[in-house]
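The same chain A turns up in both complexes below, where it pairs with chain B and then with chain C.
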Partner chain A sequence: MSAQQLLELADDELILGWRNSEWTGIAPMLEEDVAFSSIAQNEIGHARALYELAAREVGTTADELAFDRPPDEYRCSKLVQLRLVPDWARTIARHVIYERADQGRLEALKSCDDTELASLAAKIDREEAYHRMHAQMWAERLAGEPRFEEALAELEPLVDLRDEHVPEFAGLWEEMTEVRRSVAGATW
Partner chain B sequence: MVTAEQVWEALAEIPDPEIPVISLVDLGVIKSVDVSEQRVRIEFTPTFLGCPALEVMRDAMTERVAALGAEPEVQVITDDSWSTDRITPAGRAKLRASGFAPPAPRASGGPQLVQLQSNAFRCPYCGSRDTALENIFGPTPCRSVRYCRSCRQPFEQFKTI
Partner chain C sequence: MIWEVFRQERKGQAFAHAGSVEAPDLAFADDYAREQFGRRGESVALWVVPRESVHAIEDFVDELHKNYHRVDGYPLKEKLAKARERAAAT
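Let's turn to the complex of A and B:
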């Protein structure tokens, strides 16, 4: 896998993590507040591990890859860029579509020739299994609901689109990179 | 000169930062300890990749090994070697005694939603299997929340990973 493809995966996880965290404190139920916050934490953890692998290949650091690139270099799917709060039906539709696509990608990576990446993909997949169960639970609950079905049809085509950004990506990039743009090389 | 055994004993005294009733050794996250001369090399794996306690654990290990008079080198390994099956029997007993249900053994194919929604999980307070899934997610990434219908006690279930 090229560093570029690794970045696509890492960018997807980072940006989806940020978008999921937008439900923290305002989800329709306390359980879902906890769930989306926890999923966000996992996705950002996966992004970190993937950026660390990519960073070694290109001679930089995970933080620089995550936060110091200009916005047009982010390779994340349009699906994860969308700001979906407060629309629960579309949020769940994205969750279902993303986890399904991510599962296929992880399965392929688990058997790739790069043993380090294959092993990391297997570790990530152990955690993603819980995201998939959560998505499945909601997909079963919302199946047949017109708003949910419309959202699935609307969002499905976005999953493989990476060459351009949706308009609201600019705002997310601003927010996400603000600290390191203010204090160069900031760490915690 | 420090021995590997002394290092393992020192690591066994470091509590998990998020579930302090068990140690890092109980948790099974120490992958290897190598001692050569004064250098001690420790490899450890995060439980979950987004675990915010990673740096705290690494610093605690560095400090303990330095206190033994050795030069520590602690390396985080993000491979697939850790599973909740690595939690020791002693660790499981300590979890249960503090109201955390220990993880079920990992079946081939990994955990499934139907299992989580089944009665297969035992309440750590009263031992009943009449428990229900309240939330797949909980206060930290490694835990789910369940409810015991028998003693009416909510409890935290360690996820099987």
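Let's turn to the complex of A and C:
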């Protein structure tokens, strides 16, 4: 797998983690707030591990890959870029679509020739199994709800679009990189 | 719907009440209980029980004050202290 493909995966996880974390404190129920925030945190953890792998290949660091690139270099899918707060139906639709797509991608990676990447994919997949359970129970609960079904139809085509960004990605990039940009080269 | 969650910290230990979660069905209760009481390795097992299934008892009738039925009828603290003194003396 090329460093570029690794970045696609890492960028997806980072940006989705950010978008999901926008629900922290305002999810429909306190219990869901904890669950969804924890999913967000997991995604960002996966992004970090993938950036570390990619960083070694291209001779940089995970933080630099995550936060020091110009916005147009991010390879994440359009699906994860959308700011969906406060629309829970669309948020769950994205969650369901993403987890489904991610499952196929991880399955392929688990059997790839790069043993380090394969074992990382297996590790990530063990956490994603819980995300899939969570997505599944919501999908079953919202099945047949017009807002949810419309959201699935609307968002499904976005999953493989990576060559351009949605307008609100700029704002996310600003926010996400603000601290690093404020003190260039700072280490934490 | 409220679900009561009990957690076991180590294998073989008694389950203790951990707290409760609000969830519409068992699938959600399972997920929320895992998130709140299991994801940091603080439990090796959880019991998730609908609150209605818990039979609560709060009244303990003791009209005749039979305190000899109660464990506090036999204060061991003083006896133990005396026993220790005796043991130390010998």
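A few comments on the model shown:
Here is the rule we go by: the second predicted complex is superposed on the first by the 187 of 188 C-alpha atoms of A that agree within 3 Å, B and C clash if a C-alpha of one lies under 4 Å from a C-alpha of the other, contacts with A are read in each partner's own complex, and residues count from 1 in each chain.
Keep in mind that, in the parts below, contacts are C-beta pairs under 8 Å (C-beta built on N, C-alpha and C of every residue); 3 or more make two chains touch, one makes a residue touch a chain.
From a predicted model like this one, the values you see are computed outputs, not experimental measurements.
The superposition on chain A brings chain B into a clash with chain C. Once chain A of one complex is fitted onto chain A of the other, the partner contacts of A:Met176 are absent, as it touches neither chain B nor chain C.
Residue contacts after overlaying the shared chain place A:Arg141 against chain C, while chain B stays out of touching range.
Shared-chain residue A:Ile124: touches chain B; no touch with chain C. By the document's definition of touching, both partners, chain B and chain C, reach A:Val34.
Once the two complexes are overlaid on the shared chain, A:Arg48 sits against chain B while remaining clear of chain C.
Looking at the shared chain after the overlay, A:Val166 reaches neither chain B nor chain C. Applying the stated contact rule after C-alpha superposition, one finds that A:Val85 touches neither chain B nor chain C.
Of the two partners, chain B and chain C, it is B that touches more residues of chain A.
When the shared chain is aligned, no partner comes close enough to touch A:Ala101: not chain B, not chain C. In the superposition on chain A, contact of A:Met133 is made with both chain B and chain C.
Comparing the two interfaces of chain A, the one with chain B and the one with chain C have residues 31, 34-35, 38, 130, 133-134, 137 in common.
On the side of chain A, the complex with chain C involves touching residues 29-32, 34-35, 38, 130, 133-134, 137, 140-141. By the touch criterion stated above, chain A contacts chain B in their complex at residues 31, 34-35, 37-39, 41-46, 48-49, 52, 116, 119-120, 122-124, 126-127, 129-130, 133-134, 136-137. Across the complex, chain C meets chain A through its residues 21-25, 27-28, 31-32, 34-36, 39.
Against chain A, the residues of chain B that register as touching in their complex are 46, 48-52, 78-83, 110-113, 116, 134-141, 145, 159, 161.
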